[in-house]
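What follows is a pair of complexes built around subunit A, which joins subunit B in one and subunit C in the other.
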Partner chain A sequence: MAARTFEEEKGYISKETNEKYWVNEGFVPNMKVPGVFYVNDGLRSLLDEELQNYCDRGNVGGFLPAVKQLANVAALPGIVGKSIALPDVHSGYGFAIGNVAAMDMSDPEAVVSPGGVGFDINCGVRLIRTNLTEDQVRPVQEELAQALFDHIPVGVGSQGIIPTTAKDLEEALEMGMDWSVREGYSWVEDKEHCEEYGRMLNADPSKVSKRAKKRGLPQMGTLGAGNHYAEIQVVEEIFDTAAASRMGINRVGQICIMIHSGSRGLGHQVATDALTSMEKAMSRDGIKTNDRQLACARISSEEGQNYLAAMACAANYAWVNRCSMTFLARQAFAKVFKKNPDELDMHLVYDVSHNIAKIEEHLVDGEIKQLLVHRKGSTRAFPPHHPLIPVDYQFTGQPVLIGGTMGTCSYVLTGTKQGMTETFGSTCHGAGRARSRSNARNKLDYEQVLHSLKSKGISIRVASPKLVMEEAPESYKDVTQVVDTCHAAGISKKCVKLRPLAVVKG
Partner chain B sequence: MVAEAPEYALPQRQVVRRRRPRGQRAAAESPRKRPLDEAFPGEAEGRGGEEGAALKIDAPATAAGTGAEALPEYRSQAIKGQKFEYLDHTADVQCHAWGADLPEAFANVGLAMYNYMTPIKGITVDESLSRSFEAEGHDLQSLLFNFMDELLFVFHTEFFVARRLRVTKLDRESWTIEAKAEGGKFSRDLHECGTEVKAITYSAMQILESPTEAEVFVIVDI
Partner chain C sequence: MAASFGLVLRALGYPGSPPGQGSVGQGSEEFRKLVSWLEDTKIRLHKVEDRGALRDHASEAWPQTFEAYATALECPFDASDGRTLGWILNYALGLEYRDNAGELNGARAKLVGDERASTRPERSFGDAEGARCAELANEMASALGVPTGQDAAKILEAVERAAKPLAQARMEAGATSEVDLAALPLGFTTGDAQVDSASLVMRSLFIKDLRELQSVIDETTVGVQEYTANPKTDAKLGRVGR
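Moving on, here comes the complex of A and B:
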């Protein structure tokens, strides 16, 4: 096939509103549904640039641009509605990161794809509130950052400090947060404020390979490296007072803690194992995809079911992981302030997952359907009155936690009805990378990045200096633009803005 | 599998990057290392020298024409003596490694992955930890994938980092690979931390061979 020019490619993209664009059928072969992406003008230019580069290169080199990936996903068997890209979208493995796709469970041909979940299964964010204010924290800011860094194991090759045996791991995989509660690392009320109540019920530890378990055992309760972090944040602005007060956030200057982590090596290995087994299943069942990376298996097949059971285990593991770190963060605060975590009101506001596939019910063309919703780099954002969100948030909609990048702000959003109808109840997950890692390392200066953080009054503890450049705010899209686009498009609503005081990273 | 995939899906690199004509290589020489030197002031010198030594043992027969002077532009990100570099990718990192033949290129891409997690020049070889790796596949790509997955697995479970890696057997009949590694145990207290590699991917994976040279491209998930 002759490569099309950039102008020809652009002919397949049509604009609906200032924030919403359609990718029409024909952009890549076999598209079963159209693609749609939500971007404003600023973010649009980044996508265009990627596509332009791809066209200029012709058929040589590099990787697929996010828009192509979005369209290739729209060609997967069993997909319904549309393939959706959110404002923070960027090129990923198979699926773009920031891509949502829903498969019809009643369609025997429908597939599940590990690429649609990502390697870091149930990578997610949780927010813990406190009753402290910025004035109380400023004087001990450095001490507090150090205490967090000392308590939470971070970085390459770190090992968990909460003792775990192989038997504990099996139980944790099956029970998720129930395990943490039973072992005393989590509070009972935490469970209520967690997606899926911290436990996927279809988890079957026997479907997780020995290799995965072996990788998972030493890493339980570790933050990891890369974009994962623990941050002390301060409430900068409240957009929706009523919703924020339901979350226990009632004043500007209030201190919160945000933890971003995932299922560590266990999840990565589960994904790798599934990719290998699905390759075989694809040739057996004659499943054709546009891209080898979109390895998938029919949901009803053995491989599909095994993956879903193993993925659920990895999801449970990730929740246990975040619970263990919550426990450690509570201890760190308790030590510094010489008060117990209860007195500090260190309750969980919410815990969201942004790399997961879940079976949900949605209205498709006026009919209730059971769908397997893949969310990769996307957060579930259910509207008010949805039965699957906690009682506390019935009137506000589900809290959606958007982690910013090192040194920039983070947001709490709430789910909306429009999001439920338009995007299968999903919204963005973060800033999304704009600059590649090696580009960042070569172009940015380590000292400069640190200096600029310091001048903003942010304490930082990082295990690896290289990471400072790779994860610098300049490497990412502007999170505020991402969030504003989602707000303007109506798929989620702004509630609270937070800015960091201290960052702990791998 | 690859043959089935339509052309547009997995763009294959025909010519990896433009090679400069011979005369211009000298001119390209000076800016070659610059970006990284600037990023790590004062660090680059030690790195280059030491790693060069470490890797020579690994590959006594230096690949034809890949001496420091003849380095083509497209390998310009490699630190002196290294036979691997890291290329641009939005979310992840693309490891590009080369060698006189395929076993050497495979070994170098393995080192490239370890080096991303911790600079391997900092690893002292502990003879007692010397080990061998085995992996199998059903074609060349899956063989490379499984080989690297094995290396990563050993890092994540035993914290072993290879300083020297030699592929001793690469069988294209049964698709098996065997390698010997010397290295040490990574400790956060002793060694510099890089970034954790989460997984190996097939994304834009390329294995290129010519009679005198081989090179591989692997994107690792960060």
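Moving on, here comes the complex of A and C:
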């Protein structure tokens, strides 16, 4: 079949509203449901550009454009409703990052795909509030940034400073945040304000390979590198006073801490192991996909079940990891302000996961169905009164934490009823790359990037400065546009905007 | 006990001296006088001609008379119980109120009306000159950093001036404990506004219960942490700071 032109490809895309487009069946072979993407005009042009380049080079070489990936996911066995792309979507391994796909658990053919979760399983964001204000922090900003840097191990190959034995790791993999609470690294109240209460109950450490555990053991309680960070942020704007006040955020200028991190080498290894075993399962069960990267296995198969049990362990690991860093951040603040973290009101506002697959109940064509919802680069955003969100947020909807990129702003959103019906209760996760990592390395100079942060009054501590330009704001989409699109589309609601005062990175 | 008797006796308009703290017992003259006065003027359980025994304060048989009287009133306590007099007093007070409810309620409505109409609501304290009030005013004043040592009313005015902006700031920050129930999302609609309001109230109460349950669970877990938690760090294990 001859490659289609860009104009021909565009014929498959139809506009519903200014923020919502459909990718109709036929865009790629075997689509079982349509695709849908949420973008505004500015973000749309980025997707078009990608698709145009792909067409111009005759559908060969380079990476698949995100829209094609979205449609390929719509061709996976067992998918229901639609394959959804959020405004921060960009190409990833198999699935685009910023893609939601729900598989029908009652369909024996339905699959689970590690590509739909991502390599950094349960990568996520947590926000800790304080009762400090910008005026109190400004004078000690550098000292505070240094204290965080001195407490939290960061960077490629960094090792944790919380003593952990192999037995501890096994327990942590099984118990998740319950382990942190038991050992005293976490406050009891933290657990309430964490997605899944910080523990996936189907975790089975015996399904995690020795290699994965070996990678995970020394890294527990480390931030890692890449786009992960710990930031001291200040509340810049409050859009929804009532909801923000439920979260303990009640004034502009209030200081918060955001931690963005995941399951480190352990999660990566779990994903790699699963991809290998699933390739075999695919040929055995005769599962066909449009893209080799979309390796998957039937949910009910041994490979599928093993992956879900191991993924749950990696998710638990990531929560323990974020809890340990919360413990360290609380210590750093306590040291600088000479008050205990209780006095500083350092409560967890919420903790979200944006790389995970979970079994949830949703209404599909008026019928309640059990679905395996893959969220890759997408955050769960449940509406008010959903039974799975904490009692404190029953009237506001689930808080959704959107981490910006180094030096730009971050947001707190809340889940909406419309999001529940349209996107399986999901919204965006961050800015999303506009520029690939290698492209960024070629075009940006790290000294320039660091200098521009300093000129904005942001303290920065980086373990590997040369990797900074990969994460520079210029490499990413504008997070405000991403968030505004989700707000306008109604799939989540803006609540608070934060800007950074200090950044600690790998 | 004696103090609360005093208030009830004042309300009932008792002319005699109240049974003092030491003599609260049916043996005392004051006690017997009070009981017969209550029967004569408020309770009127027996006909006038049948009240002689109760009025015979000096009689040795008075305790038996009193016992029979308490039983006749269906008092839940034994005549010898220290709580019996209190019960009889309250019973009398209830009768007094029933007789004069219209008048008393009218007086209250007038008082409240006056309070509302008053241009100086800060003086609505019944006894702003009282010692206890002055003490509380001083306490508030020192908490707010307002100079003390003047008369209570002036201090209170200053306290009000100092507290208003603080309260205002809290209100603006949305930190009030009172929430506008109607502004909360119900999550569904029944099509009937009244049923919706009732559902919202029930939902709020349910969430309040849930919060209390969660707090109990948290407290219990914190108790367990006392035995299990021992967090530690060892900076030598990894490399931090550079």
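A few notes on this one:
Assume the second predicted complex is superposed on the first by the 505 of 506 C-alpha atoms of A that agree within 3 Å, B and C clash if a C-alpha of one lies under 4 Å from a C-alpha of the other, contacts with A are read in each partner's own complex, and residues count from 1 in each chain.
Throughout what follows, contacts are C-beta pairs under 8 Å (C-beta built on N, C-alpha and C of every residue); 3 or more make two chains touch, one makes a residue touch a chain.
Remember, predicted model here, so these are calculated numbers, not experimental data.
Considered on the superposed subunit A, subunit B and subunit C are sterically compatible, since they fit side by side. Of the two partner chains placed around the shared chain by superposition, subunit B and subunit C are both touched by A:A463. Touch criterion met: A:Y93 reaches subunit B, while subunit C stays clear of it.
Contacts of A:S158 after superposition on the shared chain: both subunit B and subunit C are touched. More residues of subunit A lie in touch with B than with the remaining chain of the pair subunit B and subunit C.
Using the contact criterion defined above for the overlaid structures, shared-chain residue A:E192 touches subunit C, although it does not reach subunit B. In the superposition on chain A, contact of A:R251 is made with subunit C only, not with subunit B. In the superposition on chain A, contact is made by A:T241 with subunit C only, not with subunit B. After overlaying the two complexes on the shared chain, residue contacts for A:E183 are found with subunit C alone; subunit B is out of touch. In the overlay built on the shared chain, the residue A:H385 is in contact with subunit C alone; subunit B does not reach it. When the shared chain is aligned, subunit C comes close enough to touch A:F149, but subunit B does not. Following the chain A superposition, subunit B and subunit C show a smallest Cα-Cα distance of 7 angstrom. 158, 218, 463 are the residues of subunit A that lie in the contact sets of both subunit B and subunit C, per the superposition on chain A.
Across the complex, subunit B is touched by residues 1, 3, 28-29, 57, 59-64, 68, 72, 90-94, 97, 119-120, 155-158, 211, 214-215, 218-219, 224-226, 265, 268-269, 271-272, 275-276, 279, 282-283, 288, 290-293, 433-439, 441-446, 463-467, 469-470, 506 of subunit A. Interface of subunit B with subunit A (complex): residues 1-2, 4-17, 35-36, 38-40, 77, 86-94, 117-118, 142, 149, 153, 155-157, 159, 186-188, 192-196, 198-204, 219, 221-222.
Per the touch definition, subunit C reaches subunit A in the complex via residues 173-175, 179, 183-185, 187, 203, 207, 210-211, 214, 218, 221-222, 224-225, 228-242. For subunit A in complex with subunit C, the residues that touch the partner chain are 146, 149-153, 158-163, 181-185, 188-189, 192, 218, 222, 241-242, 244-245, 250-251, 327-328, 331, 383-385, 391-392, 394-395, 417, 463.
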